[in-house]
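In what follows, chain A forms one complex with chain B and a second complex with chain C.
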Partner chain A sequence: MGKTLFEKIWDAHIVVEKENSPSLIYIDRHLVHEVTSPQAFDGLRMNNRSVRRPDLTIATMDHNVPTNNRTLPILDQTSAVQIQTLEKNCKDFGIQLFDINSPNQGIVHVIGPQLGITLPGSTIVCGDSHTSTHGAFGALAFGIGTSEVEHVLASQTLWLEKPKPFEIIVAGKRKNPHAVTAKDIILSIIKNIGTSGGNGTVIEYRGEGICDLSMEQRMTICNMSIEAGARAGLIAPDEKTFEYLRGRKYTPKNYESLVEYWKDNLKTDSDAKFEKKYTLHIDNIAPQVSWGTNPGMTCDVTESIPSPEDFSNGDQNQKKGAEQALEYMALKPGTPIIEIKIDRVFIGSCTNARLEDLIEASKVVKGRKLSPHVRAMVVPGSQMVKKQAEELGLDKIFTNANFEWRESGCSMCLGMNPDILSPGERCASTSNRNFEGRQGTGGRTHLVSPVMAAAAAIEGHFVDVREMDLN
Partner chain B sequence: MISFKKIKTVVTPLDKVNVDTDQIVPKQFLKLVQKSGFGKFLFYNWRYDDQEQTKSDFILNNPRYKNSKILVAGDNFGCGSSREHAVWALQDYGFSVIIAPSFADIFYSNCFKNGILPIILHEKTVEKLQKESGDVEVDLENQMIATSSEKISFDIDSHKKKILLEGLDDIAQTLLYEKKISEFEKQSKIPSVL
Partner chain C sequence: MKGNVIKYERDNIDTDVIIPGQYLKVHDYAELALHAMEGLDPDFHSKVKEGDFILSGRNFGCGSSREHAPIALSHSGIKAVLALSFARIFYRNAVDGAFLLPIEIEEDAYSDISEGDEIDINIHTNEIKNITKNKIYKMKPFSEIIGKIIEAGGLFKYKPD
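Coming up: the complex of A and B.
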């Protein structure tokens, strides 16, 4: 019987295999950031261990870096200590670090692909659940806890139980690809399969609707695999993948011979078997807006807030969850999405802060002004994205419309730096999680695409971006 | 590594589904660089109000559950962020067993690294356990939960059971495979980054 792409990558990385037990899997790339690594380095020190492969390990600081003027000192002392701790750990253990002043600094899942560190067919881990982003390149990439970070630093391996392969086919073509985006595809998938629909699996996204996407859009899809509970999400590499990585800073010297090998080996066999299947038809999907406190609580922009009864389909626990969510979000069933007013807009995060995201959002903003009662921030995913955007004049488009143009980092996606919502504030956000308090205690998050966030910023409430003239 | 064998306490019922790790430990407490002391931040926004006063309606603030070591929660517990701080907080607070109909993958794996036993039981059994008022015994060796009225067996992977029972140092065990790891590296097609 044939194998799925996931099974091929898994099999190619087995160091030790035992029956009815986890396998020891080799890790090709380890990305490290300041929040989930200090305790791991401490563990190494206590046991007098070294980092086995510093040459496969790359670090940056992204989660709690301020996104205002970089020449100023970091005011939050605990953040400053965490950042200094990463600097010291990288120095002590010989790890390449892109620090706060590096032109390569950025969100770890944005810089990996941009620098050519992410490669097809490789295994990639990071102490961050959105590591699934790198799956867009046909890599097996997943988030791990700090104990596992320490384990990889010490041994370059992990003991893992083999997840089950899950096939998601995205069929058809979007009618308006500038208004209905990759974010709307993945939110539609999560809405349908639920936030635990992917637990214990690795999703392979396939079909015409996936092939049509650019690499940056594919990253948005794979990024949110974890919001469906999946260990990882991946997409078979094609010419777009190989072209994207060609000639980047750390693209391997023997890249073309690797490409030839990948072309022959990195695809699911026609007779391979998936344990689970789901198909989404995208011909008629609408822009999506989340209304609750997990990404599965999402609906079309043309719809109204559902009643907990309708949402739960008879499941009492889901019904209670929806009631609690509506209370937290201060929303009433039956309210049309387009009548929901917003206070803040956040365009950023490892889901949607790449160059294409900013270009698309700028088309909505160009020649218009921010709604007077809204505060809007654009936080590029990396210093490189920021520079490229500025070369295209995007910063001027945003600042002319009264948006803030910031330095790169995770920022208000999780609010570990000063970029947070105040209690009760409502935000249209291009990030990945609408959990209670995620963007600030008492803050209310609605997940949307960059163009939907930009449109809401202009109008002061949600609008169907399909009805706007895009520049 | 911390080992786990057997405990007996009242259970704390947390009647919520999809409890994410942002709720278990909010982000403002992730800036610490050590592993200890996270217990006071556990379920912070549910335990404390804006003035940092305890909320009497939250289950952990009920004195009845003060010494409970068993948390019984709803479906998909620990979803979202990979932060191991969530497990450190549960452990530091005093929990050593978490029972739920399902767990998120990364959270489940993080538990075993910190001496916490996550147990998956059928939804109906979990609901029944949440109503249990007396002491409940959890025995890992025999994979058995005993309430005042019944015994419930549970499944666990034998490798993970061994790690918890013996409190094994994962890394030391792995490094015994040094030769295999080196052999793997010799034939790997993926080159170094630098």
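Coming up: the complex of A and C.
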């Protein structure tokens, strides 16, 4: 019987395998950031261990770096300490660090691909659940906890239970690809399979709707695999993948011969078996807006807030969850999405802060002005994205419309740096989690695509971006 | 393993409510514990006792890979979380660091056990005894793999046989 792409990558990385035991898997790349690594380095020191492969380990600081003026000191003392700790750890253990002043600094999942660190067929881990992003390149990439970070630092391996392969086919073509984006595809998938629909699996996204996407759009899809509960998301590499990685800073010297190998080997065999299957038809999907407190609580922009009764299909816990969500979000069933007014807009995060995201959002903003009661921030995913965007004049388009143009980092994706919502504020956000308090205590998050966020910023409430003139 | 139950009757308790993002900077576990469950239940810290269990619905611990989540609970005194199902990373983190036991239960235990009930968990017989209500429920056994890591006392102590 044939193998799935996931099984091929898994098999190629087995160090030890025994029935009914965890497998020891070799890790090709380890990405490290300031929040989930300090205890791991402490553990190494305590046990007198070194980092096994500092050359395969790369660090940056993204979660708690401020996104305003970088020449100023970091005011929050605990953040400053965490950042200094990473600096010291990288120095002590010989790990390459892209620090706050580096032109390569950025959100860890944005810089990996951008620097050519993310390679097809490799295994990649990071102490961050959105490591699944790198799966867009046909890498097996997943988030790990701090104990596991320590294990990988010490041994470059990890004991793992083998997940099951899950096939998601994205069929058809979007009618208006500038308004209906990769974000809308992945939100539709999560809405349909649920936030635990992918538990215990590695999803392989396939089909015309995936092949049509650019690399940056594919990253948006794989990024949110974890929101469906999956360990990882994968897309088989193709010409777009190979072209994207050509000539980047860390692209290997023997790249072309690797490409030949990948072309022959990194695909699911036609007779391979998936444990689970789901198909999404995208010909008629609409822009998505989340209304609740998990990414599965999402609907079309043209719809109204569902009643907990309708949402739950008779499941009591789901019903209760929806009631609690609506209470937290201060929303009433039956309210049309387009009537929901917003206070803040956040265009950023590892889901949607790449160059293409900013270009698309800028088309909505160009020549228009921010709604007077809205505060909007654009936070590029990395310093490199920021520079490229500025070369295209995108910063001017945003600032002319009264949007804030910031330095790179995780920013308002999670409330651990100065960029947060105030209690009760409602935000259209291009990030990936709308959990209670995610963007700051009491903050209310609606997940949308960059163009939907930009359109909401202009109008002051949600609008169907398909109806806007984008030329 | 005996203790009292703190019940959250809902699905999808995520890592951002278990330990909100602003506390991920906190290095001291005892201090971290002061903020456990703060996103959902600001009274948690004052009511939790050493040896308590949390009981909840499906997909417990979904979201971030932050090990701070099981650490904050374990340093609050929580010895096990009983849930209808778990998100994978939380489950792994709980077991890998030997912070607490993630125990998968069935609907009967979920609906029957109330806040404050005293229960006794036996991971060898896979039974949960409700001492308050004098009832017994089955728990789902750990997979062989997870069982071995738990037995070893965490990922670092695990050695293949």
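As a working rule, the second predicted complex is superposed on the first by the 471 of 471 C-alpha atoms of A that agree within 3 Å, B and C clash if a C-alpha of one lies under 4 Å from a C-alpha of the other, contacts with A are read in each partner's own complex, and residues count from 1 in each chain.
The definition used in the following text is that a residue touches a chain if its C-beta (ideal position, glycine included) is under 8 Å from a C-beta of that chain, and two chains touch if they have at least 3 such contacts.
These numbers come from a predicted model, not from an experiment.
Asks: On chain A, do chain B and chain C fit together or clash when superposed?
Replies: Overlaying the two structures gives a clash between chain B and chain C.
Asks: Would you sort A:156 into first (chain B), second (chain C), both or neither based on which partner it touches?
Replies: First partner only, chain B.
Asks: Is A:435 in contact with chain B, with chain C, with both, or with neither (first, second, both, neither)?
Replies: Once the two structures are laid over each other on A, A:435 reaches both partners.
Asks: A:250 contacts which: chain B (first), chain C (second), both, neither?
Replies: After superposing on A, A:250 lies in contact with chain B but is clear of chain C.
Asks: Now for A:78: first (chain B), second (chain C), both, or neither, which partner does it touch?
Replies: Both chain B and chain C are touched by A:78.
Asks: Under the stated touch criterion, name the partner, chain B or chain C, that contacts more residues in chain A.
Replies: The larger set of chain A residues in touch belongs to B.
Asks: With both complexes superposed on chain A, which partner does A:177 reach: first (chain B), second (chain C), both or neither?
Replies: The answer is neither, since A:177 touches no partner chain.
Asks: Return first, second, both or neither, reflecting whether A:333 touches chain B, chain C, both chains, or no partner chain.
Replies: So A:333 meets neither chain B nor chain C here.
Asks: Report for A:144: first if it touches chain B alone, second if chain C alone, otherwise both or neither.
Replies: So A:144 meets both chain B and chain C here.
Asks: Pick out the shared contact residues on chain A: the ones touching chain B in one complex and chain C in the other.
Replies: 16, 20-22, 24, 35-36, 38-39, 63-64, 76, 78-79, 81-82, 127-129, 143-148, 150-151, 159, 161, 195-196, 199-200, 226, 229, 231, 294, 317-318, 320-321, 324, 414-416, 433, 435-438, 441
Asks: Any idea which chain A residues touch chain C in the complex?
Replies: Residues 16, 18, 20-22, 24, 35-36, 38-39, 63-64, 76, 78-79, 81-82, 127-129, 131, 143-148, 150-151, 159, 161, 195-196, 199-200, 226, 229, 231, 294, 317-318, 320-321, 324, 414-416, 420, 433, 435-438, 441 of chain A touch chain C in their complex.
Asks: Can you tell me which positions in chain A touch chain B when the two form their complex?
Replies: 15-16, 20-22, 24, 26, 28-29, 35-36, 38-39, 42, 47, 49, 52-53, 55-58, 63-64, 76, 78-79, 81-82, 85, 96, 117, 119, 121-122, 127-129, 143-148, 150-151, 154-157, 159, 161, 163, 195-196, 199-200, 226-227, 229, 231, 250, 252-254, 258, 261, 294, 317-318, 320-321, 324, 414-416, 423, 433, 435-438, 441-442
Asks: Within the complex, which stretch of chain C touches chain A?
Replies: For chain C paired with chain A, touching residues are 9-12, 14, 16-17, 20-22, 24-27, 39-40, 57-59, 62-67, 85, 87-89, 92-93, 96-97, 143-146, 148-149, 154-156, 158, 160-161.
Asks: In the complex, go through chain B and note every residue touching chain A.
Replies: Residues 15-18, 20, 22-23, 26-28, 30-35, 45, 50, 74-76, 79-85, 87, 102, 104-106, 109-110, 113-114, 157-159, 169-172, 174-175, 177, 180-181, 184-185, 188-194 of chain B touch chain A in their complex.
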